Each structure stands twice: as structure tokens, then as C-alpha cells.
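Here come two complexes built around chain A, the first alongside chain B, the second alongside chain C.
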Partner chain A sequence: MAKVTIDNQTFEFEGQQGLLQFCLDNGVDLPHFCYHPAMSAPANCRQCLVEVGTPQRDRATGEVNLDDDGNPVIQFMPKLQTSCSMQMSDGMVVKTHRSSELVKRAQKDTLEFLLINHPLDCPICDQAGHCPLQNQAYKHGPEGSRFEFEKVHKPKHIDLGPRVVLDGERCINCTRCVRFTREVSKSDQLTIIERGVKNYPMTPPGVDFDEPYSMNVIDICPVGALTSKEHRFQARIWEMSKTPSISTVGAKGSNCYYWVKDNQIMKVTPRTNMDVNEFWLADEERLEYTKFNDDRPEGPTVEGADVSWELAWKAAADCLEGVDGSRVLFLGSAWATVEDNYLLTKLAKHVGAPAPMYLPHRKAGHGDEWLRTDDRTPNAQGCELMGMQHGVIGELKAKLNSGEYDVVYIMEDDPVASAMCTVNELKNVKVVLHYYNSTNQTLAAADVALPAAMAVETVGTYVNMDGHAQRLRPAKAIAGVNRTLSMEIGKCRADRHGTPFDRWYNESNLVNCQPGWVSLPEIAAGLGLELSYKGPRQIMDEVSESNPSFKGATYSAMGELGVRLETTGITA
Partner chain B sequence: MADFIKHPIVDLPDRKPDPVVPADQLHFSDEEKKEIQTWISRYPTADGAVMRALWLAQEKFSFLPPEVIQLVADEVGIPYSNAYGVATFYTQYFKEKKGKYVLDVCTCFSCQLCGGFDMLHYLEEKLDVHKGETTQDGVFTVQEAECLGACGSAPMLQITNGTYVHNLTREKIDALVDALREDKMPAFTSVTLPQDEDEMGGNRRTDVSSTETYQAGPVSETIR
Partner chain C sequence: MSKAGDWRNYKRVLLPPVKDLHRLDAYEANEGYAALREVVTTDKWTPTSVTDEVKKSGLKGRGGAGFPTGLKWSFMPPVDPEIPRYLCCNGDESEPGTFKDRQLLEYNPHLVFEGMLIASYAMSIKTAYLYIRGEFADWITHMEAELEKAYQKGYVGKNIMGSDFSCDIVIHKGAGAYICGEESSLMNSLEGKRAYPRIKPPFPAQKGVWGYPTTINNVETLACAPLIIRNGGEWYAGIGAPNHAGPVLYGISGHVNRPGVYEYPTGMLITDLVNEVAGGMRGGKKLKALVPGGSSTPVLRADMIDGVTMDADSLREAGSMMGTSGMLIMDEDTDMVSFLRRITHFYHHESCGQCTPCREGTGWLENIVTRIDEGEGNLRDLDLLIDLCSQMEGRTVCALADAAAWPVRYTIDRFRDEFEAKCKPSLVASGVDMATA
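Entry: the complex of A and B
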């Protein structure tokens, strides 16, 4: 196998590989700005310079020359090479800043050049704290600048498009954003204009940077030049906790991080998963986070009156007590997790009702074969695999109006908004509703209304359109749950920084809701059905054992990146 | 006032400019299209031809407003943003309307030492414009240029991306301006080197009639 020696350490490799990516994969940290694994390497930031040597060969025979000790003579290239654009070859010897003073000096000087015209406005820059330029200047850069003159000025706070703001002065012209629009999203909306010290990325006249993936350039920007119009100046990076989870906007199940401050979602950024969304996230997935913060319910109600959770669960059980099972409509939800839908299925079975259905939420023509999908829900595939049928709106409406149902049990959906029925049509039946937002239109008809935890507050599993089962992790706390006792809940800022006496600590914005895996067993208990699980982890263990579609989809197997279910007949 | 408030604000180029070239004139003739296709066929990818095509468009429309750049991009078959980036990179592509004659006075090192700025300022005063501006009658645009590669005959200027005028003096500028007002372009002038005097009868270039001999450059008045 081919060998490469990096800082006196020998690695084996196969095939054609870029040197920088190989170093990063093998734990050799090399500073870089313009290189991105998903895009071409233009080698224009000059930050990843290394010394590269190859074995010297005899010109006549082509044999490798050996020194007195029998080791190959290494001939170093006369100048430093950019590792991002360097392909590795057998016997190559590389010296990085860890073993070469020359490389160290080159990185320091490059940074001094990059910082000549870069405004040092880190205290007011949104990128501060997670800025590659800032980090690398601390790590590899000079202590100060020898440039004592006025910096070059460029246009600032320009709205490139409806969602992205550019600060031209902060730009170091790595061209990542331009290459993103050229090579990844293929919208060709950005270019570098002007030349020399005056250049910066821009749209050509008459063009708006409005493609549906525009906000990805904010993440790949290695400085604070491109910022989100939505998130600008809203929170510093160190004030937020980030939780790896799944986007809830489409059936692609893009992996993302939810950033939380004071129990409110502040922004959503992509999380790398090469099997699902690679490095990217659609703009709609980043912007649809206000639903987690706004219009959230304040505790359960029965017939419109605020009650305790115990009374509400009792009331819900009473609705189902003693009714003819075939006259109960159970509606699961493609927004609810696999676990919650599973529990609902068990409850329906216990009552003697047909298997729950779920309402499809599709918007034809919205999908683009990439990350945006026609399906506007994250877990339709999970419902299908669970054996739940997708309800046909017209049929359900007809059945409801012909009086076939006595009870409609709705989990985390909104049939009125889906035009399945009107509030008036639900007047004659008992309605139990688990709901996310107080804007839920079915709420007016609900006899028992149980606020449900949303995807950012619960633990569970979603299955995306390709059959990739992935875990949801709670990003924010809900009222009445001690975070440290619930082992699935990740540490949030409050846990890390604050005691209740700390000024960081904040108990505001705690929503009084319960996840389905808490509510459903309580209701089932009222009907004599024992659904005592220790938590969603145990529920999923049972699902993966009992349902062949979910074989192997346990929490430990899914981890952060999920598992691809080996199921046939998966439809998008 | 605090220093940071006084910082100059750099204006963004107009992002939604009104078209200047009427729609019925905004097209290439069949010959021009054919020519562009020949250039494209010379390169492995189409974008190699963009510079020649932009040049052709500039000669046709006299400058390159966005709609012309769009036209070129469509004709060459590359993204508009790409062509726009190229057009803004090069200073010799005119992105806004210039005078009939663009006078690029070199003020780079050699010319600067030999009086490049003297010549530029003289021209500015004579035509009553600042550098970068066009005279009221639309005949002249005066610009400051970086090195044009004629240091031997400094100070010098270039007329509309073309003819060079060497060994500038105030008298020469007066004569040049008068000649250009009558649309008399100065002929291409070959500047001979000292050694040519002996070896080649004073003219290295046999294909040009107009020659000028190398002379020790003047010294800038401002640095003397």
C-alpha cells in the first residue's frame, strides 16, 4: 500500500487523495480557509502551505536513489505547496507547521496579510467565537500587525438577498460562497467583483441572492462577512447550547443543530451527515423555527378550562372509556415520533379501534430532488412502516359527517387546517387533541386538549423518505421536567453555565407540555392498559424487535447519524 | 467626532440599474456571433472566449452596461455572474460610459519619478476635470493608470486602450488634445533603444514609419 510520511509519522493510503483532506481525516490539524471538502480547491487563501518532498529518482534508470543508510533520498519542492490542491503520491514526505519552522513562518505571514484589511470588529461580529480566522489568528498568527495605515474600505451591510447580509470589509475572498453557488447549488448567483484589495463577493446587477439554499454560504463563510438577516445580532455563539437533532420541515430528515438560548430556539444550522444532507440545509429548514417558540400552549385544558395534567389525562381516558372501538377515529401524525405513534397504535388496539391513520401534508411541486421535498412532514415514512395508513381527506370527512365516529383522537395534527373537517362538524363527537401551538384550528372543537412536546423538546425517532431512521434529541427544556434526571436530554447552556443563582440561569420560556410518551401511557393506564416503559429508548427497543421494518433501529445503533432501514418498497 | 464615524463610506455599485442600450440594438450580428463561436472552439471550455467576446461587445457598444454583459454571457454560454466578475476585474473593460477618448496617464513608479503626476495634473487642469471624470462635451475622460509597460519612455499615456504617447511634455499634451479634438489619432510610434542608434539605423521596427528616440527622462517637478 502507498505510504506518506507526515511530520515523521507514516500513514498508509489508497487511491487518489488530497493531502489536506487526508491530514484532517487523520488528526493532523492544518489551518485552512478556502478549502471545503464538497467543493473544488482553488488554493487561494494560502493558509494550508506545507513542505512537500518526493523520493528522488535516477534519471537514467528511474530507480529511487538511496542514501548511505539505504533510505530514499527525498527531494523537497523548492517552494511551499498548498496541501489542499496537492495529490498524495507514494513515498511523499510532508512537513507541516509541527515540524517545519518555514511552514510555521509562512502561516504566520499569510495570516498577517489576511488581517491587513480585515476590520478588527470581533466584539460586534456575529462570527466571533466560532470564526476560523479568529481561531487561526490566535493559534498560528502573529501577535500584532505591522500595518499602520488606514485599511481599505469596502461596502458594508449589503442585503445580498432576502436572507443573507454581506459585510464586504470582513471578506477574505476565499470564494467558498461563490463556489457554493457554482458547484453545489448551481444557481450561479454570486461572483467576486473588482480586483486586488477592492474585491468582494457580489451578485451581478439585477440579480438577487434568493436561491432556496442561500443561507448555506453563512455557515461556510470562514469569517463574519456573510451573516443571516434573521439571526444577526440576536445571540452570541457562547450564549447558546447546540443540540444535534433532525429538521422537521421536510421528509428528507436533514440533520441539524438547534441552537438554544433561554429555552428558545435561536437558529438552526446543518449537521454533517453524508448519508442524508451532506453539509447542507435548505433555507426553509433554517427559518421555520419560530413555531417552536411562539404561540405555545400553557398547560392542558378540558372543555376550555385549565386543569392539572392528572385531570386532563383522566378526562381523555374517560372519552375512550366504554365506547365502541370501531366508532373511534385515531389519527396519528407524521410530525409525531415513531415511538409516540407506536404507543397510539397500542392504545387504539386496546380500545378495539382500527389502526390509527395519519394525515398527509404534501405540497406538490415543492420538492427539488435535493433537500426540499413535496412532503412537508418529517416522519411519514415512519408512519407507513408502522403500518399506519395515510388518511384520504375526503373519505374521512364523509365518514365523520355520516356519523360513523363517536370519538376522534388526534395526536399532534390539525384536521381543521388540513380541511378534513370544520370545527362545527366536530361538535357532535368527542375530540381529544394533542397539539403543538395555540394556533391549532382544531383546538376550538377539542374536548380535551393536551399540549404536546415538539420535536425540539422530546426524545424520539424519525424515519426519512429514504428509510433512514434518526434520533431526535431535546434541545430545550419543558416545564416540570428536571433535566438532569432525564438522561436523554442533552446539556443546555443553563446546565453548563448556571446554577439557579447564576445570572446566566433562566427559567423563562418553559412550555407546559408533555411528550406523547408521557401522556399516552397515563391515558392508557386510565383504560387499564399497562404501557410502562422507562422511556423512548425502551419503546424503540421494543419496536425494533417486534416490527421487522425497524430491525436494528435501536438508540445505540442510530447514534448521531442514524441507520438505514433495510426495508423494501419504500416510497418517497 | 470619533474617528470611526468619519470613515469613508464606500458605495455599492447600482444593483438595479436601468438598461442603457435599447432592446432593439441589444444583439450581436451574425458575423459577430460566428466570430465568437470561432473563439469558443479554440478553448477546451467555452469560458475561455469570454474576454474576447467582452472586448468585441465593448467595441460595438462603446462600454459594458450589465445588459451587454448578460448578452455576452448568453452568447458565450457561461453564467451571467461569471462574465460580470471578469468584466469588473479588468480596468480596460469600461463598466460606465466614458468619453470618446480615454486618456490613461501612467502614474506608476517610473512615470511618477519622471513626472507622471505633473502630466496628470496638467491634463486635469487643462480639461477642467478630475481623474476618472469625463469632460462636459463628452470627448475626453482622464484616468490614472498603473504601469503600462513603457517605463523607458516615461512619462507616457495611452489613448482609449490603444495608442501610446511617449515622453510626455506639456507641449505634447497641448498638441495631442488639439489633434484629438479634430479626431486626428496620433500614429503608432516605435520607441528606439540607445543601442539601436548604432546597430539598426535608429529603428528596430521596420514596419513603422513613426519613431521616437529614447531620451533621458525628465525628473518630476514635485519631487525635485
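Entry: the complex of A and C
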């Protein structure tokens, strides 16, 4: 196998590989700005310079020349090379800043240049705290600046489009954003304008930077030049907790991080998963987070009156007690987790009702073969694999109006908003509703209304359109959850590293709701059905054992990146 | 010792003294397109033998780097009928002090066309681009008209002069950026892209214009090709300096009596060029400094040019480079700080901004040199300037950073006393007690 020596350590490699990526993959940290694994390497930031040598070969014979000790003679290239654009070859010898003073100096020099015209407004910059320029200047940069002139001035706070704002002065011209629109999203909506030190990215005349993936440039920007119009100046990075989870917008199940401050979702950013969304997230997946914060209910109600959870669960059980099971409509949900739908299926079976259905939420023509899908729900595939049928709106409406149902049990959906029925049409049946937001239009018809935990507050599993089963983790606490005891909720840096007396999280904005896996066993207990599990982990263990479609989809197997199920029920 | 032989009786070949040579009829009457006719219509020549003849001539590129032209042509991969190949003639002449290609484009454009066609024949190229800087607008208009005439006469286009060799020439107008003279940047500009230089490898011969094999030559280089075919490689190799043969257009500017473009063999003594060709120093002043090959080549002091000839070897020994042989002559009254200020301004203005060291460094250099020129500089600024040059040289995609750094490094190195004199006096040197100051 081919070998490469980096700082006197020998590595083996196969095939064609870029040097910088190989270093990063093998724990050899190299500073860099313009390089991104998903895009071409323009080698323009000049930060990843290294010394590169190759075995010297005899011109006549092509044989490698050996020194007195029998080792190959290494001929170093006269100039430093950018590791991002350098392809490795057998016998190559590389010296990074760990073993070469020249490289160390070059990295420092480049950082000095990068900083002379950078505004250094870190105290008010959204990128501060997770800024590659800040971090690398700290690690590899000069102690001070020798620059004694006025910095170059460029346009600031320019709206490139409806969602992205540019600060031209912070830009270090790495061209990652330009290459993103050229090579990844292929919208070609950005280019570099001006010349030399006045360069900055801009849209062509008359073009708005409004492509559906525009906000990815904010993440890949190595400085704070590109910021989110929505999020800028809203929170410091160290006061937000970051929880790895799954996007709930669409059926792609893009991996993401939810950022939380004061129990409110502040922003959503992509989490790399090469099997699902790679490095990216669609703008809609980032912006639909307000539903997690706004219009949240304040505890359960029965006939419109606030009651305790115990009474509410009892009332829900009473609705199902002694009814003819065939006259109960159970609606599961493609917003709800596999675990919760599984418990509902068990409950329906116990009552003697047909298996729950779920309502489809599709928007024809919305999908783009990338991250946006026609299906607006995250778990329709999971519902199908559970054996749940998707309900046909017209049929359900007809059945309801012909008086076939006595009870409609709705989990985490809104049939009124889906035009399955009107509030009036539900007047003659008992309605039990698990719901997320007080804007739920079915709420007006609910006899028992149970606020449900949303995807960012619960633990569970979604299966995306390609049959990839992935875990949800709670990003924010709800009423009754002890945040310090929940190992799954992310912590902000101030929480993690502060003293015990210096907690940044607080009890504000705690929603009084319960996840399905808490409510459903309580209701089942009222009907004499024992659904006692230690938690979603155990429920999923049972699902993976009992349902062949979910074979192997345990929590430990899913980890952070999920597992690909072998069989799939529907295609997107 | 001059290597230019009997240069006083030298007969000009690139810009011969013929009236109206820029017009096709005059060009035809003076052996015009005869070399091309011989190449494409007779069995005497094959693509390989044309390239070999150019190799034999010892022609080195006239665009600044001085790379052997025949060798460059032989880097083109073997012909594959499925894969197009291109020639680019680089007429984006914009280095300060360089104005020789412009003479060719204005006074002998058909020689350039003929050279491009011969080069295209040698490399089996069917499309040749002529990239000219946009500021040469008048000559571009004129050349387009002349090219049209050449097309009508069958010198360019399909089946040239009845042979089975076809080649088109496309004139492309630049938009006024120095960086477009860098070959890979020129290709990007030609493709309609932002003129950022490309990383090498891949080299143009592997992946050039539109991603296909491409050779890029300077205007003056290609203009030599018809002469080599007409008179033979040996004839050419016999002109001027042995290791850097051929006629060359010296662009002489500055404080001389007769600035201008002069055609002479390579290997001319610099003193001959200044004192005889250019008519001596203006106003009888003394020569102080001289830049031999365009603004990026290191400046030479008057005491460094004794016996130095205009060819790569001699100039390297003297501590400079041949470059484009655009000579900037400065007399004793020249303020070298002010000279450097103008040069640094140029490179600051023209840096494309792709690579960090050049984008940021060129501006910083100008800032400091300006401060020194205005009497506000400190002595430590001189060391900082040299340091910044080291931080820029060899660390960028193209050579613009080097071109910007060298004048700074060498002008300070060779005229340090003048720079020191313009700086604010050092407190220590002026006797101030630093302990109490």
C-alpha cells in the first residue's frame, strides 16, 4: 500500500487522495479556510501551506535514489505547497507546522495578512466563539499586528437576499459561498465583485440571493461575513445549547442541531450525515423552528376546562371505555414518532378498533430531488412500516358524516386544518386530541385536549423517505423535566464549563405538555392495558424485535447517524 | 562585451522599415504569408519539423519568463481528433514600462497572424485566440479589418491556401486588467469568467481554455515564427546572444533623449542602448538607475551595469532579469522612494485579490512606501517592508505577488540610503537619551 510520511509519522493510503483532507481525517490538524470537502479546492486562502517532498528519482533509470543508509533521498519542492490542492503520492514526505519552522512562519504570516483588514469586531460578531478565523488566529497567528493604517472599507449589512446578510468588511474572500452556489446548489447566484483588497461576494445585478438553500453559505462562511437575517444579534454561541437531532420539515430527515437558549429554539443548523443530507440543510428546514416556541399550550383541558394531567388521562380513557371498538377512529400521525404510533396501535387493538391511520400532508411539486420533499411530514415512512394506512380525506369525511364513528382519537395532527372535517362535523362524536400548538383548529372540537411534546422535546425515532431510521433527541426541556438529570438534552458551554452556581439555563418558557410515550401508557392503564416501558428506548427495542421492517433499529445501533432499514414501505 | 555583433548595421525584421506594412497588400509585397504558404502547401514541413525548427532557433518566450518556445509547443499532448486544442496569443501587454507588443499589433499585425497560424500548424490547432488588452481599442478595430482581409484571401479559415490545414483566428478584447496577462487568468477571462489565475498543475497543455490542451505565447514570440521559417532556425540562432538568441524589441522609456521601441539583437550592452540607441540621458544628466525588463524586474544601479548585456545570463549575473525588455531609465534627479511608491500603487491596484498574501500584502506595501515618501515613515518600516516581501514571495497561485515584492525588496536593497534619508530620524541616532525621552 502507498505510504505518506507526515511529521515523521507514516500513514498508509489508497487511491487518489487530497493531502489536507487526509490530514484532517487522520487527526493531523491543519489550519485552513477556503477548503471544504464538498467543493473544489481553489487554494486561495494560502493558510494550509506545508512543505512537501517526494522521493528523488534517477533521470535515466527512473529508480528512486537511495542515500548511504539505504533510505530514499527526498527532494523537497522549492516553494511551500497548499495541502488542499495537493494530491498524495507514494513516498511523499510532508512537514507541517509541527516539524517545520518555515511552515509555522508561513501560517502566522498568512493570518497576519488576513487580520490586517478584518474589522476585528469579534465582541459583536455572531461568529465569535465558533469562528475559524478567531480560533486559528489564536492557535497559529501572530501576537499582535504591525499594521498601522486605516483598514479597507467595504459595504456592510447588505441584504443579499431575503435570508442572508453580508458584512463585506469581515469577508476574507475564501469564495466558499460562491463555490457553493456554483458547484453544490447550482444556482450561480453569487460571484465575487470588485478587485483586489476590495473584493467581496455579491449577486449579479438584478438577482436576489433567494435560492431555497441560501442559508448554507452562513454555515460554511469561515468568518461572520454572512449572517442569518433571522438569527443575527439574537444569541451568543456559548449561551445556547446544541443538541444533535433530526429536522421535522419534510421527509428527508436531514440531520441537524437545534440551538436552544432559555428553552426556546434559536436556530437550526445542519449536522453532517453523508447518507442523508451530507453537509446541508434547506432554508425551510432552518426557518420553521418558530412553531416549537410560539402558540404552545399550557396544560391539558377537558371540555375546555383546565385540569390536572391525571384527570385528563382519566377523561381520555373514559371516552374509550365500553365503546364499540369498530366505531372508534384512531388517527396516528406522521409527525409523531415510531414509538408513539406503536403505542397508539396497541391501544387501538386493545379497544378492538381497526389499526390507526395517518393523514398524508403532501404538497405536490415542492420536492426537488435533494433535501426538499413533496411530503411535509418527517415520519410517513415510519407509519407505513408500522402497518398504518394513510387516510383518504374524502372517505374519512363521508364515514364521519354518515355516523360511523362515536369516538375520534387524534394523535398529534389537525384533521380540521387538513379539511377532513369541520369543527361542526365533530360535534356529535367524542374527540380526544393530542396537539402541539394552540393554533390547532381541531382544538375547538376536542372533548379532551392533551398538549403533546414536539420533536424537539421528546425522544423517539423517525424513518425518512429512503428508509433511514434516525433518533430524535430532546433539545429543550418541558415542564416537569429535570434538565440536569436528562443526559440527552444538550448543554451550552456556559453550563458545561461554568461553576455549579453559575447556571445559564433557567425555568422560563417551559411548556406544560407530555410526550406520547408518557400519556398513552397512562390512558391505556385506565382501560386495563399495561403499557409500562422504561422509556422510548425499550419501546423501540420491542418494535425492532417484533416488526421485521424495523430489524436492527435499536437506539444503540442508530446512534447519531441512524441506520438504513432493509425494507421500505413507500417511496417519496 | 556586446553580444549583438555589428548591431549598428542590423536590419530590422520584426518591424522592418516598410511603408504601410500594417496593410495586407504591403505585407504581401514583402514576403508576407510566404512562410505560411511554404509550411501548409509544401511537403517540406510537417508539424514536428516546424516545432524542431523553432527549437533549433533557440527562441525564448518574450512575455517575461523566457521559456524556450519550441519546448513549450512540444508539451502539447498527441493529437486526438475528438479533443479540440487551442492557441492563445497573449496581447494583454500591461506591465509598466512594457509597450513593445503594441508596436507589432499596430505596425505589423499580419506577422502576428502568420505566426499564430504557423504555431497552430505546428501543434495541429484549429482555433487560435488573440487576446488584446481593451485599451488598444483603435488597433483592435484595425486588426479586425485586416483579419477580415486575410480571411477573404484565404490565409485564415478553412483550407488555408488550398491545403487541408484549417485554422480560425478570433480576436478577443480584454477589459483592462493586468492580471489577464497571466496565462491561466487570461484563459479564465477568455472563457467569460472572473480572471482569477488557476492552480498549476494542471498546466495549460493538459487543461487550458475550456478545459482542453492549450498553448499560450506572447505576441512578439509568435511574430518570430514566420521569420524562423523564412530564414531557418540557424539564422535566428545566430542573432544576438548565444543562449538567448534573436531580435528583440527594446521598449525604452524614462529620462533619455529618444524613448521608444527599438528592434535590435539580444545581448546589446545596456550602455549602448542608453547612450546610443536612445540618444543618451536627457539634459546631459547622469544615469542613476535602470529597470531592465518591466516594472517587476529588479532595479539596477548605474554602477551595476558596466558590461552587462540584455540577455538572461548576463542580467541574472548582474542581479536582475530580462523580463519583457521594457527598460525604465532614471536619471540622477529621480527620487527612488517616489519611484517605488508608483510601482507599489500599480500592483496594489492590479492584484486580483484571490490569494491572501497578495491581496493584503500589496496594499500594505503601498501604505508603508507612501508613508515613507511623505516623510512620515520610520526606519523600522524598511525592515517591515523586506519582511512583508518574504511573506508574499512564492506563496500565491500566480507570480503577481513576486512581481509586487521584488521591486520593493531590490529598490530598498540597492537604494537603502535614500529610503533612510526620507524616514523620520531615529531618536537614538539623533542623540536623544531613550531613558529620559
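What we mean here is this: the second predicted complex is superposed on the first by the 548 of 572 C-alpha atoms of A that agree within 3 Å, B and C clash if a C-alpha of one lies under 4 Å from a C-alpha of the other, contacts with A are read in each partner's own complex, and residues count from 1 in each chain.
Methods note: contacts are C-beta pairs under 8 Å (C-beta built on N, C-alpha and C of every residue); 3 or more make two chains touch, one makes a residue touch a chain.
A quick note: this is a predicted structure, and the numbers were derived from the prediction, not measured.
Asker: Label the relationship between chain B and chain C on chain A in the superposed model as either fit or clash.
Answerer: Taken together on chain A, chain C would clash with chain B, as the superposition shows.
Asker: Kindly classify A:49 by the partners it touches after superposition: chain B alone (first), chain C alone (second), both, or neither?
Answerer: A:49 sits against chain C, while chain B stays out of touch.
Asker: Check whether chain B or chain C contacts more residues of chain A in the superposed model.
Answerer: C
Asker: Please work out whether A:318 is in contact with chain B alone, chain C alone, both, or neither, and reply first, second, both or neither.
Answerer: neither
Asker: Which partner does A:147 reach: the first (chain B), the second (chain C), both, or neither?
Answerer: The second partner, chain C, only.
Asker: For A:203, decide between first (touching chain B), second (touching chain C), both and neither.
Answerer: First partner only.
Asker: In the superposed arrangement, which partner chain does A:112 touch: chain B (first), chain C (second), both, or neither?
Answerer: The second partner, chain C, only.
Asker: Please indicate which partner A:191 is in contact with in the superposed arrangement: first for chain B, second for chain C, both, or neither.
Answerer: After superposition on chain A, A:191 lies in contact with both partners, chain B and chain C.
Asker: What is the contact status of A:80 with respect to chain B (first) and chain C (second): first, second, both, or neither?
Answerer: second
Asker: State whether A:406 touches chain B only (first), chain C only (second), both chains, or neither.
Answerer: Neither partner.
Asker: Considering only the touch criterion stated at the top, classify A:155 as touching first (chain B), second (chain C), both, or neither.
Answerer: It touches chain B, and chain C stays clear.
Asker: Please state which segment of chain B collides with chain C in the superposed model; the candidates are 1-9, 127-135, 145-153 or 181-189.
Answerer: The answer is stretch 145-153.
Asker: Which chain A residues lie in the overlap of the chain B contact set and the chain C contact set?
Answerer: The overlap between the chain B and chain C interfaces on chain A comprises residues 191-192, 194-195, 199.
Asker: Spell out the residues on chain A that touch chain C in their complex, using ranges where they run on.
Answerer: Residues 41-47, 49, 78-80, 82, 85, 106, 109-110, 112-114, 116-117, 146-147, 149, 152, 172-173, 191-192, 194-199 of chain A touch chain C in their complex.
Asker: Show me the residue ranges of chain A that touch chain B in the complex, using the header's touch definition.
Answerer: 153-156, 158, 168, 181-182, 188-195, 199, 202-207
Asker: Taking the touch rule as given, give the residues of chain C at its contact with chain A in the complex, in rising order.
Answerer: For chain C paired with chain A, touching residues are 177, 194, 196, 199, 348-357, 359-364, 367, 371, 384, 391, 394-397.
Asker: List the residues on chain B that touch chain A in their complex, please.
Answerer: Residues 7-17, 66, 69-70, 79-82, 84-85, 88-91 of chain B touch chain A in their complex.
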